[in-house]
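Letters are used for the chains, namely A, B, C and D, taken in the order the chains are written, and counting of residues starts over at 1 for each.
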């Protein structure tokens, strides 16, 4: 019995990548497609809709949503009310909206997932880094991205650092009388440890967390080359939400 | 209130390293030393014994044991019977002996630890690798050691591979029509994945587990340079066993 | 004064990538395009030809050739006879053909380049690895590719190994009494050192050469993600051949 | 015929490590030892001197010097005047002193070496990095050291950066509108590229130079664990100076 999936926002980059992923997995069945910008009536025999209202009562199990922040909350509410377990990659939810949607999912006894990040590898890296920091409080983060990236450090590095801060025993690292003969050499300071941002052509998105202790070292590295990598997280989300009876926020809750 | 520790086997390499570690931690107090080969009466004011019987009724909390396989079982039993929570790095226990000691510890309501490996970093690596293999079933292990090492792959690599096999969905990796033009290039096969052993002067003991998936990669690496690295595991063991009321086998049970 | 370039084989993957590269470099000017399969009369104002004879007497400096082995020799001879310095990525030349073309180029006082590999990074890696092996005879090669690759080790790894063999003092590495408890763990043997081939989804083409000596290590790594990387080698070739008066075989001769 | 070597400063750390290295190489013969702090008359049958004057006319080929800056110039001059080819690791020479000693060596037709750094691996890394920067002008340096190190970046990183600056086409790297949301994230700026300094317990002395270009990357890494690694440079120096007729400054001149 395959899982029947609706994809909302299927004309966008993430949405169309999700369609390909679903078509390539025999455990999943593409049931319907939704996009206000669609002009075709069907794709490979799958019906296309431009207004979500038409999907009320439709036979499907999961609602995958890669739409726009402006409509994501209404879409997710619609999915839950119509019995579709939502798997949402669209951003822009407020905390109170998330709390409301979790309540609604519990009433409806439907699983669901809202995730700002579907990269399983990146999420595992953060989880492992946080756990290791309990035993190895001396660490540094090196994140490496292409040289068109404007901000440093990366959002992922800051998120990783925050997760580490929650569990690591606070500690100011480095020699007490440390001196930078070239300003910035020691990187950005965050809760007593350091973050370094490398920017080079040819790179995509990479992150290393290096731990050091007397006589040993531990290095965790994630390399992200292509948005296709997010699809293993979407796939996992679809297969997990149908087994659950409440929506969760963050893919890490399903790992 | 510091934890009072007896060190059995304090004349050996691991035992003497443990003594140094305990003396350097203000939360721990070296209470007594035991070694049949000792000739001194005391070390830095700490009494030295050559026969464990003399320690019956002694005031201490933890019994650290780095002795010989021939006496480890008797020592651990003695520790439990005398109210000392054992932290044992000596090897050579049978499965039935471990089961017996766990029973005895439960009767005495004493924590304890028997650990074949005290390297926290190596244990975390194995745990992380096993968890990642659930989501990334394509992986290879590269272990790197000094060039005097006789056996390949390393015991740690085989142990890591076994832990992965327990949780990874079985899969034969690589191209179906793969051909080695030089025999051995693809490494050793284990449950469908590959293990590679590098041997070079200058290296000590290192292990990488590399995971690959569409559009991303995850690499976990542990570097071990010195036996001093085991001491953070011994330290953790001492501080954990005094909070518990049953002996466990394997440091991973305390992480 | 920009360098005027003809691209032969411009309808192929490498040829069309070369066209893009030339159009993006203000020091170069696309002068003419040649391909027997072309149907258009011009591309962006650049004249298109289907027969090389029509280019006799044409005003250009360099002939870039990404055609087929069957015509590469004739094309290169034609280029030299007509005063175009050839930069040839097509394969299939015999040693005597190369010798002949070098002679002809010397008579014509024209530079030229025939290169089986235009990846500057890969060529630098080989050159550095060979030089390092003179001082660090203990080394291992790890090459990593996507899991659709059939042959192991890679052609680049074998080429690297051959260049090392030419200069490294012969030595059988590893412990004398080394034992593989899992066959293949120590990799493929080549001239006393080892080559390991990793195959994983998500990887493209990567190579590491690791050197070890008492108290130190040296690691050289090249990562190749995309054929666009070959273009820096083609660009370098174009700019170097116009300064020279004899054809060379191998991009390394121009570095 | 083995090379007869005098070691000046044999009571110091480097000097005594050099003595061990010479005794372990059958191509070398320890001829005499010099140290003003020595009290023994001989070591393993090798005569010990406390005043260099006593070595005038002594039968030896090479003078290895690991003494103090205050005496290094006089020692090297003495060696040359007495027919010993000097291999000097002591620092503190002025440029004019070096020029003088090179002149003197040429008159005496003696080889010689004054080297601030005997780590062949570190020197090869610098040489390779400089060469690669000609073709890959986008690069960053990451140096990693133990957390007792006071200064950042390391002297080796600055030296490497200077060598790169000499040959690399000047270029300001990174996005034009790059913003640090945490100050220092992008590291120290040097001639348009960046240097990052990592400090962690367990590390010794490590350096990576990472190059990026469209579709590819090149990474060069040196790991230094122990001062014993300098000895391969001293050994090479001894064997090379006896073949030469002029002193050089810098081990790279002999590679």
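Here is the rule we use: a contact is a pair of C-beta atoms (placed from the backbone, for glycine too) under 8 Å apart; a residue touches a chain by one contact, two chains touch by 3 or more.
Because the structure is predicted, anything quoted here is derived from the model rather than measured.
Across A-C and C-D, the chain pair carrying more C-beta contacts is C-D. Centroid distances built from C-alpha atoms place B farthest away from chain C. If you average the CA atoms of chain A and of chain C, the two centres end up 40 Å from each other.
Between the CA-based centres of chain A and chain D the separation comes to 49 Å, rounded to the whole angstrom.
Chain C and chain D have Cα centroids lying 35 Å from one another. Residue positions of chain B touching 2 or more other chains: 202, 211, 213-217, 223, 225, 229. For chain D in complex with chain A, the touching residues are 138-140, 142, 144, 147-153, 158, 173-175, 177-190, 194-203, 210-217.
Interface residues of chain D, counted against chain C in their complex, comprise 119-121, 124-125, 128, 131-132, 135-136, 211, 213-229, 231-232, 236, 255. Those residues of chain A that touch chain C in the complex are listed here as 202, 223, 225, 229.
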